[in-house]
Structures are given as C-alpha cells and as structure tokens.
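Each of the two complexes below includes subunit A, the first together with subunit B, the second together with subunit C.
Our next item is the complex of A and B:
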C-alpha cells in the first residue's frame, strides 16, 4: 500500500530551477533511498516533501493527506518526520528538552512515556546523557539524538538526510542497526546517503538523482548488480560532451 | 561611607537595574527569536507610560491597578505590530527590517507629540508616593516598589521561558528555526508571541516607571538606550545576560551618580560596555 506518493515536483530558488518533475513513492514498510552526486537535488527533494521548500509544481499525497497545500509545521503531526542533515539539534538545550520538543506542541503523558521508552531502548546512551546540553555531545551521539527526536512524534514515515555522515564505522553500524529495527517495527524510511554500496545494502529501493532530475528508479538489488549507477555518477550526458 | 548610605544606594541601584533588565529582556527576546532589533522598543515604553498616566488623570486609576491592564494591552499591541508591520518585511532585506521598526519609532514619537504635546506629565499622588523609613534608611517607596515589581515580572518571565513547554518552543525557534518547523512548531506564531511578550515587558516597566518618572514623547530614548547597552553587554539574545547586565548597569549608574556627578552617571556604564565589547565581543553570557 502506498504511504507516500509525490508527483511532478518542481522547486526553484528564484529564477534558478533546482528540481524538475520529480515523482517518488514509498510503500508502507519500505526503506527507500535517494542517491546521487552532490548538488543533484536529494535534499531539495526531501525538503520539498516536508514542505520546507516551496514547490513550483506537483503534488504530494501522504497517508490520505495532501501535503502540497500545507505549511511545514503541520507535517510532523500527520506522521511524517524529517531528520535534517547534520542533526540540527537545539544546541543550548538538553537531550531531554530536545526529545520533548520532538513530541509536538501538546504531547499527552501516555504517548510521551511510550515514545521515551521506545527511543531509550533504541539508543540507551541517550538516557545517560539526558541532562547534557546537546552541543556538548559527540557527533554520533548528536545524530542518534536527532533520530530519536524525530521518532518522538511516532511517525509512520521517517525521512533521514545523511544519517551516517561523519560517523565512525562502529557508530555507523549502531545507527544503521537502529534504523533497521525501526523498519522491522513498521516504520517506513526514506533515506539520503552518499555511500552507494552501503545505502543499497540497506534499502529496498532507490531513486537516483542527477542535476535536479530523477534519472533512475529501481530495486536496490538491480542497481547493485548492474552498471547503470556508474554512468550516473561518472558518465556524461550527451549534451555535456565536447562539441 | 556609612552602612545606611551604602544600603540606600544599593537598593536604589538594584531597583533601577531590575527595570533596565525587564526592558532589555523584552528587547533581547524579540531579537533572539527572529533576529530583528525592535528600534521602536523605547516608544513602546513611552506608550505604556502615557497609557498609565491617562488612566490616572482621566479616570483616577492608580498605576498599581492599571499595571495588569497596561501589560495585557501592550501584549496585544506587540502582536498587532508583528502581524501588521514586521511580518511584511520578514523575507525582505536587512535594510527593510531596520527601516520598518525605525520608521515605527519615528511615527510613534511624532504621534505622541501631536496628540499630547511636548509637555512633561507626572503622576503626583500615586499610592506608592512618599518615602519608606526602615531604621535609619530612607527609600522612595515608588522606586522601591517599581524595582520589586520589575524583579517579580522578570522572574515570572524567566519561569515562562525556561520552565514551560511554550517557552521551550520559543527557545527552539530562536536556536534553529528550520528544525523547529520540522517538529511541528509554528514559528510564525512564536514570532508573534515574542513580540507580544517583548511589548508586555515594557508595558509592565512603563506602568512601574510612570509612578515616579516624567512622561513625555521622547522618554523612551532615556531608558531604551541603556537597555540596548544591557542587551549587547549581556550578549545578544541571552535572557540571563540581559538580566545580569541590566542589574549591573543599575547599580553602576547609581553609584557613579552619587560619587561623581549625576550628569555623568551613565559614563561608567558606557565605559564598561566599551571594555566588555573590546575584550569579549559576544558579551558577558553571549554565545559565538
């Protein structure tokens, strides 16, 4: 069943178009990955889904709601959580305060208790760091805290922008394990990741972007086996050849 | 120097300091949440002083009674200014933002002069008039009450911002606006709230001040200039910093006013400001 269905998304910054006619879907329970070189529009696409970026075209349907008409602060309560690139915690607040803010404007007690139990079982070391200011933690801990904060609203779809960037292999493993566990619990995940092999080993399906367009959409296994990816990352389009 | 004199100076300095702090916190709150300096902050103070004076001279309402109403009305005024004026220039250039609140300052000052004239007005028979004698210490009770009132208002504000979920959301918007949006916080409403609370701060300060200070169209400049110093001294956007710096300035100006000359009472304040800004540009409690 489709949880997310976005069609024909376009984004422009002023006169400068950065995303053209992007359509993406995610089924319930899937892990979907956005791949592509730097500046290909992955984050822009994700930001447009959570309405942080203004759309010039297209529509977004999520779990029975039309997101394209909504302001950004209305999105998380519908079950779509967006964990921004480079964690973006509130630096001068404690881990506890960051997590509380993740639970939405008016969290009720029972739900809050359930959400805390879940994120602390997923990332036990956050419990130890509860009273610590967010900016004083290590990069890996901050990334865990950001994912945990995104989970406090109990989302159906978790969007994570480059969760593994700058993490040690050990932490990478830990964060990936947590995401996999979440997925097994039924959370659909949309992910941006630079490391193609790692992403494809992790995701069920991937979209490949290049210069603001989706150029490829396929199951992860197919992309791993074939050589389609190489031409996207290293090849040149016809119009870029010398002439 | 006798102990009596020292106590008198300290109490008087603390009292003024708390008022400076309250005005400065209003200013720093608006700046912290949306990176806009409210140049009309002093004129907000002026309006609330006129409001208190009008209530007194037309309906005989004592400033003590008028205070909650003035605070509440100023809250609404702040919200109105946000929606009608500030919100229109949010996506504009920095110049547009500066001129918007600067223009509001000029407009409000001119409007006050047009309506009330340039005369000085005073509330002469407030409940808080007269002096208070404790032992050998003589204290003007209006100033004492104003200081105490400002302190209570500051503490209440502190509790609101650091102890409630609403305050947490305000701080979230000030620390990372985009992240706050992804968590379902309505940043636009938080902006309006910051303007409301910021204006209510000067509303309360104005009502307190008017029981012992003259009301005239340019009265805002007297207090707000010092509050800008308090904000910069404490660190832009830092509420604790504004509090500490406001109280420090209050004590410093009373002491230097007494020992040097009352015309020079703000000189050491600006000197302190220069020294702090040179040695520590982010202010006492500021962040990089």
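Our next item is the complex of A and C:
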C-alpha cells in the first residue's frame, strides 16, 4: 500500500532549475534510499516533500493528504517527519527541550509520555544526557538526538537526510540498528546516504539521482548486482543521453 | 513544565540563591523612596530607569527571544501615549483604561506590521521598522487633530491613583514604574519557562528546523510582537501621565527607539536580567554625564555615552550580564 506518492516534482531557485520531473513512491513499511553524487538534488527532493522548498510543479500525496497545498508547519502533524541535513538541533537547548519541541505545538500528555519512552529505549544514551545542552554532545549523539526529535511526533514516514555522515563505524552501526528497529515497528523510512554499498545493504529500494533528475529506480538487490550505478556516479559519456 | 518526571526549571539551589537576591533588591527598591522624598533628581532618575527597564524587557521578547530586531519600538510608545491622552482629552477616559486601549491599539498595529514585515529577513526587517516609526513621527508632527508639532497637554486632575496623576509628591510614580518592571520581567520569565519561550528561541536559532517540527513561525512572532507592542504602549501612557505633556520628539523619536533597543543589547540580549542591568547602567550614565559634561558647545556626555556602548559591543557582545553567567548571556 502506498504511503507516499509524489509525481512530477520540479524545484527552481529563481531561474535556476535544480529538480526536474521527479516522481517517487514509498510503500508502508519500506526503507527507501535516495542516492546520487553531490549536488544531484537529493536534499532538494527531500526538502520539497516536507515543503521546506517551494515546488514549481508536481503533486505529493501522503496518507490521503495532498501535501503540495500545505505550508511546511502543517506537515509533521500528518505523520511525516523530516530530520534535516546536519541534524540542526537547537544548540543552546537541552536534549529534553529539543525533544519536547519535536512533539509539535499541541502534544497530548499520554502521547508525549509514549514518545519519550520510545526514543529513550531506542537511544538510552539520550536519557543520560537529558539535561545536557545539545551543542555539548558528540556528533553521533547529536545525530541520535535529531532522529529522536523527529520521532517525537510519532511519524508514519521518517525522512532522514544523511543520518550516518561523520559518524564512527561504531555509532553508524548503532544508528542503523535504531532505524532498522523503527522500521520493524512499522515506520516507513526515506533516507539519503552517500555510501552506496552501505545504503543498498540497508534499504529495500533506491532512487538514483543525477543532475536534478531521477535516472534509476530499482530494488536495492538489483542495483547492488548490476553496474548501472557506476555509470551514474562516474558519468560515462553515452550515459548523458539518458537526460 | 514537567514531563516524564523531568523538569525544565534550573537547579533548585541556584533558584533559591537567585530568589533571595531578587527579594533583597526589591526590598531595597521599595524602601528607597523613604529617603528620596527631598531628592527629586534621584527619584526621577530611578523612575525613568524602571520605565526603560520595562521597555527593554518588552523589546527583548521580540528581538532577544524571537530574534526579530526592531528599531521602531518607539512608535508603540507614541501610540500608547497618544491614545490614552487623546481619549482623556476627547471623552475624559480614565488613563488606566486609556492605557489598556493604547496597548490594544499598539498590539493591533504590531500585528499588521508583523504580517507585512516578518517575511523580511535580518537587516531588511530592522530597516522596515525604522522607516515605519519615522513615518509615524512625521505624520504626527503634521497632524493638527493630535496637536501636530505643538504637542498635547494632559488635562490636570486631582492627584490620585485612579486618576494616575500625582503632583507634589512624585513617589507614587516611582512605585508604579517599579510595578511595571516587575510585571514585564515576570511575564518574560514566565513565557521563557513555558513552551512559548522555547519555541521563540528555537525560531531565533533555526527558523526552518522549527517550522519542520510543526510550529508556524509567523504565528509565534505575531504573538511576541503583540505582547511586546502592548507592553511598550502602556509605558507610553505612563510617560504621558508622568510628564503631563507629549509631543512627537518626546514620544515618537528615533532616539527613543534606539534607547529601548540599547537597554536590552547593552545589558544582555535574550536574558531576563539584561534589560534591567542595561537600563541601570545606561540611564545612570546618560543622566549623570549630562549633568557633569554637557553644556553649550561641549556635548561630551553623548561622546562618553557612545564610548561605553562601543566598549560593551567590542568586549562583551553578549551584554553586561554575560560577565556573571556561566553560559554567555546572549543565548539564554
């Protein structure tokens, strides 16, 4: 069953178009990954889904709602949570305060308690660091806190922009484990990742972007087996005709 | 706010120490007029200081917490002063009610300005507020109905708390101004500890991230603007009742807008104690420098004043209160 269905998305900054005709779907319970070289439009696509970036074309259907008509602050309460690139915590607030804000403007008490219990069982370290200012934690802890903050609204779809960037292998493993556990609990995940092999081992399906267009969409296994990816990343001449 | 057994309030012991210091300061300020009955200069100095501290708090709510720097807050002061004064002259409205009316008018004007200008970022918002305030100054200086450049005299009443007028003994003004600071500070501290304060600071630090968490920045900025403008306007009414004469230079000038901002900036932007410390330092310096160093042809007082502001911004950009805090004052 489709949870997210976006068709023909276009984004331009002024006259400069950066995303063309992007269509992307995610089924309930899937882990979907966006791949592509730097500057290929992965973050732009994700930002356009959460409405932080304005669309010039296209429509987004999410769980029965037409997101393309909504302002960004109306998105999270519908069950779509976006963990922005480079975690973007509020540096001078504590972990607890950051998490509270993640629950949105009007969380009810029972839901809040449930959400806290869930993120603390997922990331026990955050419970220990509860009173600490966000900027005083390590990069890995900040990333965990950002994911936890994204979970406070109890999303159906969690979008994470580069969750593993700059993390040690140990922390990478920890964060990946947490995301997998969330997925097993039924949360659909859309993520951006630079490390292709790792991403494909993790995700069910992937979209590959290049120069603002989706050039490939396939199950992770197929992409791992074939050589289509190399041509996208290393840009063989004959490949240019695709666009 | 207590959630899942965790509290957002600072540690209990620090709270006690701070509470004790505040109580002590308040006790001294409450007792002080007993010794100042025959010292009108000091009494006036402190009254003006309180007024600026209250306005600094109000400005800080919008600029320090929500991150929207305004250099036009003098316009709300003027709106408050003119609204209550015109209502008193025109229909004999009690100044307390006039003050509330002025606050409501200023809050509405603030919301309209916010709707139009909050989309502007950084310096453009500052310039917009400055230009709007200057336009209002020019409009009032030309508008016959409100006395134009000649200004307005307030109708003189029998002195009483209800009439908000005291003639021979000015000490009631002192206490009312003190009440204004306490009320303004209490409001800011209360908001700061509630979710509202967190959301405002979140908007200041990262508007996009706050938005993606489900908060409408516009809505929160408008609330901050309305509260801020309303508080300043009530101070404007206080000023009109205190001086009993208003004209555009005294209640709508750019200098006033700048002073309101400076009080908070010099003291410590985004902190509850900043505007109080800032007002104490700036008002004292400006008044004494005027006595000691001013006079025809030698405006050294203004130079000295400028020098101090420069020194603070160079050596303590987070404000004077950052000298005492563990975390730099600018961020809390």
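Note that in this section the second predicted complex is superposed on the first by the 235 of 243 C-alpha atoms of A that agree within 3 Å, B and C clash if a C-alpha of one lies under 4 Å from a C-alpha of the other, contacts with A are read in each partner's own complex, and residues count from 1 in each chain.
Criterion: a residue touches a chain if its C-beta (ideal position, glycine included) is under 8 Å from a C-beta of that chain, and two chains touch if they have at least 3 such contacts.
Keep in mind that what you see is a predicted model, and the values were worked out from it rather than measured.
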Superposition on subunit A - do subunit B and subunit C clash or fit: clash
Subunit B versus subunit C as contact partner of A:116, first or second or both or neither: second
Contacts of A:40 with subunit B and subunit C, given as first, second, both or neither: neither
Touched partner set for A:149, first subunit B, second subunit C, both or neither: both
Touched partner set for A:188, first subunit B, second subunit C, both or neither: neither
Touched partner set for A:130, first subunit B, second subunit C, both or neither: second
Intersection of the subunit A residues that touch subunit B with those that touch subunit C: 50, 52, 71-77, 82, 84, 88-93, 97, 100-102, 104-105, 149, 153
Touching residues on subunit A, where the partner in the complex is subunit C: 50, 52, 71-77, 82, 84, 88-93, 96-97, 100-102, 104-105, 112-113, 116-117, 130-131, 133, 149, 153
For the subunit C and subunit A complex, residues of the former touching the latter: 1, 3-4, 6, 8, 195, 198-199, 201-202, 205-206, 208-217, 327, 331-332
Touching residues (chain side subunit B, partner subunit A) in the complex: 165, 168-169, 171-172, 175-176, 178-187, 287
Subunit B partner contacts - residues on subunit A that touch it in the complex: 50, 52, 71-77, 81-84, 88-93, 97, 100-102, 104-106, 149-150, 153
